[in-house]
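Take a look at the structures below.
Note that chain A is present in both complexes that follow, paired respectively with chain B and with chain C.
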Partner chain A sequence: MSRWRTRLLVIAPPVAVIAATLLAWWLVVRIFEVPAYLLPAPGAVLDAAWSDRERLGWGAVSTAISATSGFAVAAVVGVTIGSVLGLSRFLERGFYPLTLLLQMVPLIALAPIIVVWLGYGTPAVITSAAIVAVFPVIANTLGGMRSIDRELEEVFTLARAGAASRWWRLRLPAAIPSIVTGLRIAAGLAVIGAIVGEFVSAYAGPRAPLGMVIVAAMRDFRTDLMFGAIGLAAIVGFLLFGIVNLGGWLLLRRWHASAREPSR
Partner chain B sequence: MHWSSSILRAAATSVAASLLLGCGDGGTTADGRTKVAVQLNWVPEPEFGGFWQAELDGEFAKVGLDVQLISGGPGVPAAQLVASGKAAFGVVSGPELLSINEQGASLVAIFATYQGDPTAIMVHESSPWRTLAELWASDATLACESSLPFVIMLNRTHGGSRLKFVGHSTGLADFVNDPRLAKQCFVFAEPVTLELQGIRTRVFPARESGFDPYTAVVVTSRRYLDENPGTCRAMVLALRRGWVRYLEDPAAANAAMTKLNPAMSLEAMNLAAEKQRFLVEDETTRAHAVGWMTSDRWRTLAEQMISLEKLKAVPSTLEGDVFWQPPVAPPLGGDAG
Partner chain C sequence: MTAADVGGITARSHAAGVRLRSLSRVFAPGTPAAVEALRSVDLEVPPGSFTALIGPSGCGKTTILRILAGLDEASSGTIEYAGGVEGAEPRLGYCFQEPRLLPWRTVAANVALPLELSGVPKQERRMRAATALGKVELSGFLRAMPAALSGGMKMRASVARAIVADPQLLLLDEPFGALDDVTRYRLDEMLHALWSTERFTTLLVTHSIPEAVFLAERVVVLSPRPGRIIGEVAIDLPERTKEARGSDQFSRLVQQVYRLLLAAMESAA
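After this line comes the complex of A and B, so read on.
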C-alpha cells in the first residue's frame, strides 16, 4: 500500500466523523429551528469565534499555559507518588485511598478554598489543573510498577542490585508504557481542571483565560461565543494530548508494541 | 413543501416540543387550580419574600394557581428555562431579559420585584477606600464579573481602572480572609451576613454608576402569555398581595425561607428584608402597585445597554412586547387558565 494511501486511511475516519457530526448539528438546528441562545449553528459559532478572535486567542494561550503547567506538576508529582507507593504494599495500602480522594473530590467545590489558600491568579488555576490530572498518573505509574515480569525481578535480585538501580533500570522502564497512558489521560483532564479553576480563581480582563470568557459569554447569553471558547479549550486539550502522544511514541517506538505501526 | 419533508418537520417539531416542554407546567389540580412552576434565579432569600408570603397566605390558591417555587443557585439558567418552556415563569434581571430576547428568545416581564439594582461592591471597613471613585483609582482585587454593565460604566466614568478583576464566587471565605479584597454583593445580603459575624463592611451600591435596571423581574414567554393571559394576570395579582403583606410583616415568610436556606439565618433574613424595602417600594410602586414597570425605565435601560455595546437596538414596542402588566385591582373571579 502506498504511503499516501496509508496516511489517508489514518486521517480520513476522524475527518469524516467530525464532518458528519457538524452536518448533523447543523441539520438539528435547521430542522428544529433551535434558537441561537439554546444551540447556535456551527457557522454561527465560527462567526462568533472569528469576531472575538483576539479575546479567544489570548484566552487559549492563557489556558494552555495553566493547563500545561498543571499537567507538568501532575506528571512529576504523580510519577513520584506512584513510584514511592510501588516500593511497598504497606505504603500503597496506607496512601492509595488518600490519592483516590483527589479523584473523588468535586473540583468545583474545592476551587474556592484553593483561592483562600493560594489567592487569586495563575497558581490557583495550575493547582486546580494538577489536582484533577494527578490521579491517573499515580494510578498508572503504580500499575506499571506492579506489573513487572517476576523473572526480571529475580535477575536483579541475583545481581544484588540496589533499590535505586532496581528502580532506574527495571521498574521505571517497565512502567513507562503505563505512565504514558496515564499522562495521555492527564493531558485532557488538566485542561478541564484549568477551566474549572479559571471559573473561580482567574483574573478577568482583555487577556482573560477561556474559563472567564465562558462565564462572561454565558451571562450575556452569547451561546455562540461560549461554544467557540469551549471548542478552543478542546483544541488546547487535543494539542496537549498530541504532544504527550508524540513524546510517548518517541520514548516507546524502538521497543514497545503499542508504539509500532498500527495494523491495517 | 414535499409531503415527506412535512412529515419530517412535524415529527421533528413534536420531538423538540416534548424535549423542550417535557418537564414543565400545565395541568390542573383536583380542585381545578392551574399548576405552574416559577424558576427562581437564587436560593430562598428576602429577594423572594413576596413569593413565599403569597404561598403562606394562600394568595396563589385564591387566584386559582398551584405554584411550585423552584429554588435557583449559581448559574441556574432561569431565562433559558422560561424561554424554552420548561418553566412558565422565572426570575431574571432586566438586562438579562433584553439580552436573551436579542438572541432570539421572547420573554416578557410581568412583575419587577426590585425597582432598582441591589448589586453593590463591599470592602472591609478597615480598608482605605471610602468611595467607589477611590476604589476605582486603586489597584485592589475586585471579585466581580468585569463584563457587568455597571462595571463598564464605572470604567468609562473613571477613565479605566487599575483594579484586578477576578471571578465572582458565591462564598465569603475569600473576602473574610483578605482585607484588601473588594467583592460584588447584594446590598442587603452578604454585608448583613458578615455584620452578624462581627465583620464590618463598607458598601458601594452599583446604582451609583448610573446603571440602575429593574432586577428580580418575573418573566414568562410570549407564547405562554398569549395562551394563558388569565394565569399571568393571576400570578401578578397574587405577587402584589404577597409583597404588600411581606412588607408589612416578613417574619413568617422569612421563617419559611430560612428552613429552605439554612445558610442565611432568620436574623439575617429579617435584617435583609428591612434593608431591601427601598428597592421594592418607591414613588412609582406607591402610585400604582408593587412590581410596577414603566416604558421610560425599560427604554432607559435599553439605551444604556446600547451605549455599553450590550444591546444592538431598543425594542420597537416596549409595553406589550418587553413588559406586560394587568391594571391595578381588576376584578378577580377565578380567572386563572
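After this line comes the complex of A and C, so read on.
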C-alpha cells in the first residue's frame, strides 16, 4: 500500500503540472478569444494531428531515423575523438581549444553549408544532427578521461602496465559515467539538429520529415498542425533520451552510484 | 648471493631476500619545501621472513615500500635482492592502505588484474583468482561487485590481488588500518595463517603495535622524520592464536616495542 503511495507521490506532481498547463492554455485561448492561426486550443491541435496522422506519423518516423542515426554517428565519433585526445596531454593541448571554439560556432548556422556540401536529403539531415550532438560527447569523454584516480593508476604502475592497457582497462571504463552524461545531452541535441537540418535540406512530400511538415504548415497558416509536429518532435526526443538513459543505466547499474540511487 | 648469505634461513625457494643499503629519500630537494623522508636506512629482510615496520606518522615507512615497489625512487642508496630471484626484480605483491579495486570489475576480475596485465591466459587467470580468493575466504564472492562488499571484504579482495601472482616479496602498507578492531584481528589471523603456509617474504607497515607483534617475526622501529631505523624487537611467540593475544609474553613484547617507539619519539622532540 505504501509502495503505491510513494509511486503516486512520484507520478502525481508532474501529471498535475502538465494538466494545469493544458488547462491554462485552453483558458487563455477561450477567454481572450485568440485566433486559431496564432494559438489553437489543445483540442484543436489534437484534432488536426489526428486528421493528419499519416503525414505526421511518417514525419515522425523519418525524423526519428535521422536523429537516431545522427546521434549514433555523434556517439561513435565523439567518444573516439574524446578518448584519443585523452591519450596524451600533447594532443589534448593542441586540439581541445579548437573543439571549444567549434562549440562556440552556432552549429545551426552550419546547416545551409552542409546542404551545399551534401545536397538535399537525408545525409545532410543526419550530418546536421551529428554535428550538433557531437561536442558534448567529446567534452564529456575527455573530461572523464582526465579525471583519473591516481590511486587506481598506481595499481597499473605496480604491474608495469603499458599505455594501451591503461587506456583500455582503466581510463575508458572510468570515463563511462561521464560519457553517458554526454550521450544524454547529445540525445536531445540530435533531435534539434535533425529538425534544423530538415528545415533547410529536406524535400516536401507525403513522407516528409517533421521539420518539413512544420515549414509547410507555416506557409499554410496551419498553426494547429505545427503544434502537432512540434509535439511529436518532442516525443521523438524524449524516446531517444529514454533509450540512452536506459542504456546508461544498464551499463552502470552494477557499479556506479548514479545508477544505484533512486532517481528523483 | 644465496638465501643463506642474507638471512641464514632456508626459505621456500622462490621467496626473495632484500637488502636496503643507506636508502635515503628527499622530496623536492633544494627547494624551501624540501622534506627529508628517509635517512640512510639499512635493512636486511631474509627470504621467507615476516618483518613489520613501525613508527610515527610521516616517518617514511610507506616510502620504503613504495621505493621497493617502483612507485617512488630513492634519492640515494641501493636495493639488492637475493634468494630465489632471477633477473633484476622479484615478483611483487603490494597491498595499499585502501582496497583500490576497480569498481566496474567483479571481485574475481579485480583479483585477476595483475595476471591479466602480465599476459596470463584467461582460463589460468580465472583459476588462480578463485584460488587466491579462497585463501582470503571470499570464495562466495567471485562475481560480486566491489560496491557490494563490506570494508573488510574489500581489503581481503585487495590482499587476494596482492598474492594472486605468487609474489616473491609481499609488501603490505597498513592494509587493515581503516577497519574496526574485531575485523582487524580476524584479518590479522587470516594473514598469519596465509603467511605460515605460503611463506612469502613479507614487509608490513603498520601503526598498530599489537598487529606488528602478532604478525611479525621481527618488528623494526623507525624514528620520526627523517625516518631512520633505531631498533628492532625479535618476536619469539611460540604460537599466534586468538589466545596468544592475551598472554603475558604478548603484552611484554608490546611493551618492549612501545618503549622503543616512545624513546624514538622523545629523542626527536
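Criterion: the second predicted complex is superposed on the first by the 248 of 264 C-alpha atoms of A that agree within 3 Å, B and C clash if a C-alpha of one lies under 4 Å from a C-alpha of the other, contacts with A are read in each partner's own complex, and residues count from 1 in each chain.
In this section, a residue touches a chain if its C-beta (ideal position, glycine included) is under 8 Å from a C-beta of that chain, and two chains touch if they have at least 3 such contacts.
Just so you know, these numbers come straight off a predicted model, no measurement behind them.
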{"item": "Chain A residues touched - chain C or chain B, whichever exceeds", "value": "B"}
{"item": "Chain B versus chain C as contact partner of A:254, first or second or both or neither", "value": "second"}
{"item": "Contacts of A:170 with chain B and chain C, given as first, second, both or neither", "value": "second"}
{"item": "Touching partner for A:151 - first (chain B), second (chain C), both, neither", "value": "second"}
{"item": "Touched partner set for A:201, first chain B, second chain C, both or neither", "value": "first"}
{"item": "First (chain B), second (chain C), both or neither touched by A:161", "value": "second"}
{"item": "Chain B/chain C common contact set on chain A", "value": "none"}
{"item": "Interfacial residue positions of chain B with respect to chain A in the complex", "value": "8-9, 12-13, 15-16, 75, 79-80, 83-84, 96, 99-100, 103-105, 141, 143, 145-148, 164-167, 169, 171, 173-174, 177-178, 310"}
{"item": "Interface residues, chain C side, partner chain A - complex", "value": "69-71, 92, 94, 96, 98, 100, 102-104, 113-114, 116-118, 145-147"}
{"item": "Contact set on chain A toward chain C in their complex", "value": "151-152, 154-161, 165, 169-170, 173-174, 176, 254-256, 260"}
{"item": "Complex contacts: residues of chain A adjacent to chain B", "value": "31-32, 34-38, 111-113, 115-116, 119-121, 198-205, 208, 211-212, 215-216, 218-223"}
